[in-house]
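Here chain A shows up in two complexes: once beside chain B, once beside chain C.
After this line comes the complex of A and B, so read on.
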């Protein structure tokens, strides 16, 4: 099982966030990546936590920052990828994998297929930011800042077009050992295809290993506990 | 010496460039087949086989790579760039490769994907014994013992007995992680994203 990290990045800065809501600036992207690389982090997912507030100007500025990143750690990137023109803009970035959320929720086959041709199927990840209340799973749709019921998703489409699915527990993000396992227990997809993030602690890592999860992404707290990645790998 | 990197409009070119330049070796991005001039060429590999090969043929890069090798120069293929060095890939309904390494590419059996790190050990003598010589002597290291990063759904099955062939892992032993033959090296993993081991590998090769 891989042990990686999630980095929230928007408008030139990385953020520490709690519950997918409160955000505090964490520093520049290159600095954050350098720190994680020094801890031999297995992979880094850079996610733009956009709501309906994204603009072309902010997107372009973020891509320019990303283009300058120098890293030898596997990187994935997503947040606001909604058009073919945006995908064309990404071809020379130092990243290997792309993360889509809204495109999967609205089953944008053209966009996903176009990306597959340029980057390959192995490079496509689906992000499902979820929240669970009384065993009911809702998935956040960033494009219109609303939640959908899990039952409304076309999981066959997601399973077919995504190489891996990132389940991001928005409610428990920023807290320890709170990741809600009901999410992947409920979803009818092989655990070997599932990546989990949000509320990850050492106990969550142990359970994820036991459940044959593909990867755990520890959120930004890792930057405040330099020993974390190593300890999590040995969990 | 300049390392040339083929850019046919797909893939993570910038990562490859950063990887080479960490050794203070200059790079040049090649967007036209006639611009291939240096002794060492990299075929990067992120994309789908059909689309990648279409672009190669459209730009006459397929012929240019073979001519580059015939002039005695070296080529390194990474991931999809390695897979398309073979004769045939079953991806995208079947794609004819460059045919410079005997072998075929097929969907990984018993698995939808192989994403992760594997242990990797390698000796410099494995290069020399297969007529591949480094030019720059950037390291005196003789052995590499580290880990490398894989991200693929298809694997290369070698059909040639007289080359150096290192399997991916015990679970994927029918597929090649690395192949060395004369002036050709192919790598299924991503050395440019394999942290310290990636640096050690390219230092030994160049």
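After this line comes the complex of A and C, so read on.
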């Protein structure tokens, strides 16, 4: 199982988020990536936590920062990828995978197909930011800033077009060992395609290994102490 | 887009970064945690770390990096109360005045602790200060590089398992992490917060007559080795309700001498430095757009010893205080014409703040004033080596 990290990045700066709500500043993207690389992180998902507040200017600026990044660690990137024009703009980036969320929720086949042709199927990840209340799973649609019921999703479409699916527990994000396993127990997709993030702690890593999850992405706490990733790898 | 906190004086241009949430900044929100945290529970967590360290039965349980200011007295007193055997580690920044040397040696003799004071090669040090000033408008970067790495080298070389720092500056100022996160010392944090992303490699070349082999202790030790040896660094501000002014006042009976300065009411923090409230403060103003007084006022707003309105007025007043930069240029070995060139080309717009240090004549709010006592003025600045105390 891969052990990686999720980094929230917006308007040239990295942030930590708690419960998909309160944000704390973190630092410059290159500095964060350098440390995660030194900690032997297997992969880094850079996510722009945008809601309805994205602008072309911010997007362009963030892509320019990303273009300058030096990294030996495989990077994936997403957040606000909603048009073919934006995909065209992603050339020469030091990233291996692209993360889509709203495009999968509204089954934007054109956009996904277009990206697939340019980058290949293995480069496409689907992000499902979810929240669970009384065993009811809801998925956040950032484009509309609203939640959908899990049953409203076309999982066949997601399974067909996404190489991996990132289940992001928004409610438990930023806290330790709280990731809600009900999400992947309920979802009808092979665990080998599932990546989990949000509320990851050493216990969550142990359980994920046992459940044959493809990868865990630790959020905020990767920079709380030196060599944090190693501890998770040995969990 | 620039956003301002409506509770304190910081805005989103803060060099550590700042988030605004419901008009209040991440620093103010994090400060409020101090009133809801179960501190006895936090101290239990600290005791667990302390007990693990004691079990190792080393000659020294921990390294305590110090500069000799009031906070160091508080930290050392806490470390001793925890029953730890500390090794005090200081780096000579060559900027101390007579008060600074007194305070450093008083700390060591009052608490009767073993110490190491590192005097870096002064030629290399001055060359790095010169480059740092020229390239980054900063004269303390070489010291900060040493202060944040030399104690870690000592811990590594002598197998001392723990390094104990006082406050985590980025938590106290901008709430970068929660107190609950128990954030520890990391190479990333050092570079991001203490060095503002300027590591040693940026200070060599481009005219500096310094080669990489001169810089051993300026560079952070290999983190893989630290990890193998199980060395970690913690911040006491994660385990005690941190209130610098109150703490600093509480250690006055240990023989610490507070220093008067014209640029802030705070007579405890970095007392004994010939540059901190002088040229360093002016350069900070140029670099980040505000002076040290803002950090002090924000802290006091949060501790409710000054209102935001009073703080705005006080900041306006202290922002006009003059600083003496000529003694620094003498120390650096620059000529008068060199200093004039620097003022003309690098301090344009700040010339009115250069000159004789003013006596500050502002009335402080009573709540703030009662935390202060009478302070001293240094008799001599820039003492390269000093004993500061007779036994």
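The rule we apply is simple: the second predicted complex is superposed on the first by the 235 of 235 C-alpha atoms of A that agree within 3 Å, B and C clash if a C-alpha of one lies under 4 Å from a C-alpha of the other, contacts with A are read in each partner's own complex, and residues count from 1 in each chain.
Assume a residue touches a chain if its C-beta (ideal position, glycine included) is under 8 Å from a C-beta of that chain, and two chains touch if they have at least 3 such contacts.
These numbers were taken from a predicted model, which means no experiment stands behind them.
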{"item": "Partner chain in contact with A:48 - chain B first, chain C second, else both or neither", "value": "neither"}
{"item": "Which partner, chain B or chain C, touches more chain A residues", "value": "B"}
{"item": "Contacts of A:94 with chain B and chain C, given as first, second, both or neither", "value": "first"}
{"item": "Touching partner for A:26 - first (chain B), second (chain C), both, neither", "value": "second"}
{"item": "Which of chain B and chain C A:117 touches, first, second, both or neither", "value": "first"}
{"item": "Touching both chain B and chain C, residues of chain A", "value": "none"}
{"item": "Interfacial residue positions of chain C with respect to chain A in the complex", "value": "16-19, 21, 26, 29-30, 174-178, 181-189, 191-192, 197, 223-224, 226-227, 232"}
{"item": "Parts of chain B lying in touch with chain A, wherever the complex brings them together", "value": "7, 9-15, 18-19, 22, 46-48, 50-51, 80, 111-113, 115-117, 149, 151-153, 190, 192-196, 198-199"}
{"item": "Chain B-facing residues of chain A, complex", "value": "1-2, 37, 40, 42, 67, 70-75, 91-97, 116-123, 163-164, 190, 192-193, 214-215"}
{"item": "Contact set on chain A toward chain C in their complex", "value": "13, 15-16, 18, 22-28, 31-32, 34-35, 38, 220-221, 223-227, 230"}
